[in-house]
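Next up, some structures in structure tokens.
The two complexes that follow have chain A in common; it is paired with chain B in the first and with chain C in the second.
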Partner chain A sequence: MLDALLTPFTEFEFMRRALVGTIAIAVGGAPVGVFLMLRRMSLTGDAMAHAILPGAAVGYLVAGLSLPAMTAGGLVAGMIVAVLAGLVARFTDLKEDASLAAFYLLSLALGVTIVSLRGSNVDLLHVLFGTVLALDDAALVLIAAIATVTLLALALLYRPLVLECVDPTFLRSVSRAGTPTHLAFLGLVVLNLVGGFHALGTLLAVGLMMLPAAAARFWCADITLMTAAATLIGILSGYAGLLLSYHWELPAGPAVILTAGGIYVLSLTLGPQGGLVWLARPGRHLEA
Partner chain B sequence: MTLRSYVIAALAALLMPGLALAQGASWGDTPAGDAPPKLKVVASFSILADFVRRVGGDRIELTTLVGPDGDAHVYAPTPADARRIGDAKVVFVNGLGLEGWIGRLVKAAAGRSTVVEAARGVARVEAAGEPGHSHGGADPHAWQNVANARIYVANIRDALNAADPAGRAAYDANAAAYLAELDALDAEVRAAIARIPADRRRIITSHDAFAYFEKAYGIDFVAPQGVSTEAEASARDVARIIQQIRRERIRAVFVENISDPRLVERIARETGARIGDRLYSDALSGPGGPAATYIDMIRHNIRAFSTALSS
Partner chain C sequence: MRPAGTAIRFDDVTLGYGRRPAVHHLAGTIAPGSLTAIVGPNGAGKSTLLKGVVGTLAPLQGAISLSEGMRTRIAYLPQAADLDRSFPISVYDLVAMGLWSRSGLFGGIGRRDWARIEEALAAVGLTGFERRPIGTLSGGQMQRALFARLLLQDASLILLDEPFTAIDTKTTADLLDLVRRWHDEARTVVAVLHDLDVVRRVFPETLLIAREPVAWGETGTVLHPANLLKARRMIEAHDPHAASCDKGAA
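Coming up: the complex of A and B.
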């Protein structure tokens, strides 16, 4: 039993690298996901993941499957969309979701156009689906650096971020930190998606950000605990997903996300904070 | 008729002469040669076409059905192909079951062409029992042994001599010159392989086209286990290949089925095996490519093997 759980990682370096990569993504991405969820921006991650595509595609077309080029391209494209959407939402009547939708759709269409102009469909698949099984030193350093920066930035932004989640009007009345905090936070979202997209691809990167956060919501009410729980769930998903991929011959990236999805469904049913089982218990509301 | 259809009819009438002119112009471009009509010949795929071109020289007008980088195993013939076959005097095919589609095509064309199996007389190698890639026993990739290429050339020469006796002198001379080149190529391949230490002559590859090469020149080709062509490999697939490379002490990897270059690189890093260049086995490359002719193709492959296996 222990053998089945450990041997894949002791025997193969690529499994160890994959594990380290998913852990780093979970450490950075899960807390960001918790804040996204609490601010009712859960779909923002998905939109931003698409917004990264044209930048990564340009990087890919210029330099091939090169880590620095695709990272830089993805960061630039993601930041532009995030900042534009954020500014439009703050200074016009258009709500953030609408402006974000507009910009990410523009960005996605641009990305698909760029890729089809120069490359084939196979190339697009490479951009959309990364390979957690093929992380080299540079990719690992990048993902770990992003996780570090994210944790430091979250520590700095913690109070204004929590305030914006709970009572944005109050934050606006006592401080002018709202807009910069918001933009910095969107920057963190983009950073983590760019990191995740090297390991899992643009689409699945969102999964390791949002699913642990959504699952953690059913276990704790406290934000600090929730971030910790989300990180743990993310790490667990990475480990279990890789094992599934190894023993059951499933593609690695989707296996990780499916595991996270399974944990979410489990939490949804059993979680003490509003899980379905607890809601279904008769008489609960009468007693309370 | 409504007004609208009158307008459309008028427009069509205006356009028709223009179209006819354009077509007439393009027809006019084809050269009306004064030279004696060339012997019309069809070859089924690019490697065979290269042999036929070398032997036939400028006495033949050669059409290739499956061009460079095309796969003759799964080719779907077009009506134009049937017409070309119907027009041709001689149709060269590889045989050994490579072109499963050719029999019906020749019947459909209903021409008076002779079909020549270029691989006739080759010592057969049985195909590895791989599902979905069966040629009914024999492995058709006989041209991977240069000695077999000599048999191809002799068959082509004889067929051309029979179809066009007036050109016998030219065909014989062309074939003799080309056979000499093939002899030199064969010696070159053997010399290149002799330079690779005997214990290093193992390659892992997803190509199943090198059985004749393996038999003739003594490089071991090992098929990777459990590789799928899916977009993403599972951790198990990658682990299996790594285990196999370690266990069988394989020196070089030529794997095309794993589409992601990053993954192949990871495998190479983890096992110390080297990644080989792209191999050409079933078709030539385009004119500018590294394997534009048969001789270039063999040279390219042998260079790829030597680079990956030496050092």
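Coming up: the complex of A and C.
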């Protein structure tokens, strides 16, 4: 039994690398996902992930499957969209979801077109779904660095970020930090999606961000614990997903996200904070 | 003993949305340490006026000036705060936000601050509610928590927008005690209110407004039936052919 749980990682280097990569993605991405969820921006994360695609595709067009080129392209495209969408939502009456839906479709179509101009379907699959089993040193360093920067930045931004979610009017009355905080946060979202994209591809990168966050909401009623729980769920999903893919010969990236999805469904059903079982069987009401 | 001078000065202020005025040509001053009620019908521009003072809405014409040091020491309780009550945060943490002016973005809060938070919670009768998520509070309890946060803000200018709407008499009485306490501490308090009995009992000064200022001064005089009638006649209709207003134009 223990053999089945450990051997894939002790035996094969690519499995170890995949595990390290997914853990780093979970550590950086899960807290960001919790804030995205609490700010009701879950779909924003999804749209951003698509916005990265054309940038990465241009990088690919210029330099092939090159880590620096695709990272830089993705970052630039993501930041542009993040800033534009953020500013539009802030200063006009247009709701963010409306403009993001348009961005998302446009970017996906544009990105796929650009990749197809030069590459094969294999390359396209690589960009869309990632190559978690082929992470080289450079990719691992990049992902780990992004996780580190994310945690440091969140520690600095934590207070205004929470305040902006709970009571934006209050924050505006005591400080001007609201808008810069919002933009910095969007920057973190892009950064983590670019990191996740190398392992999981543009379509699934957002999975290790949002699914653990959504699952954690059913277990904790306090934001600090929720963040910790989301991180743990993300790490667990990475480990269990890679194991499943190894033993059952499933594609690794989707297996990781499916595991996270499974944990989400489990939490939705059993979680003590409003899980379905508790809603269905609330028990007798209390005396006071 | 009240310091003489001006806390807030309105110089022929017009505030509005687009080009439509919500507060039309208001001029006057609010003295430091005064306790002023703003009353008037719905749509009279009361909330708009507070937004103008806080600075979230820039005047279309004229200027609102605050005395030295006042600008950074404002505590503002908006009408039906757009607070996300489903956010997973405790009453204690919500109230602790009031310490922002001393802790800022990154500063820590220490043992003495914890005591102040407990004190504020006790002052509004929420001792024992510290660990409760804010989503479990009733409307009145939430308003108590927000007043505790105001207490901690230790502001010299306190702006309250309809603080007692949909709040029961017991809670209103408790919170009015805090307003009196602020007044005794020589803080400047401005509150938008609808209950004229409360205004007559607690607030020495009143501004009666119906887009245009109707009367401003000592409460007994301002709330004269003739003034109230005048305020009630305010035209709420939206005139699509309204011409440009030349009053006060240079």
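Convention: the second predicted complex is superposed on the first by the 266 of 288 C-alpha atoms of A that agree within 3 Å, B and C clash if a C-alpha of one lies under 4 Å from a C-alpha of the other, contacts with A are read in each partner's own complex, and residues count from 1 in each chain.
Convention: a residue touches a chain if its C-beta (ideal position, glycine included) is under 8 Å from a C-beta of that chain, and two chains touch if they have at least 3 such contacts.
All values reported here derive from a predicted model rather than from experimental measurement.
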item: First, second, both or neither for A:Val162, with chain B first and chain C second; value: second
item: Dominant toucher of chain A (residue count), chain B or chain C; value: B
item: Contacts of A:Ala18 with chain B and chain C, given as first, second, both or neither; value: first
item: Contacts of A:Met226 with chain B and chain C, given as first, second, both or neither; value: second
item: Partner chain in contact with A:Thr131 - chain B first, chain C second, else both or neither; value: first
item: Touched partner set for A:Leu6, first chain B, second chain C, both or neither; value: neither
item: Contacts of A:Ala177 with chain B and chain C, given as first, second, both or neither; value: second
item: Interface residues of chain A shared between complexes with chain B and chain C; value: none
item: Contact set on chain B toward chain A in their complex; value: 226, 230-239, 242, 259-263, 265-267, 269-270
item: Residues on chain C engaged by chain A in the complex (per definition of touch); value: 54, 56, 74-76, 78, 81-84, 87-90, 94, 97, 100-101, 104-106, 133-134, 149, 153
item: In the complex with chain C, residue positions of chain A that touch it; value: 38, 156, 159-160, 162-163, 165-170, 172-175, 177, 217, 220-223, 226
item: Interfacial residue positions of chain A with respect to chain B in the complex; value: 8, 11-15, 18, 65, 122, 125-126, 129, 131, 133-136, 242, 245-255
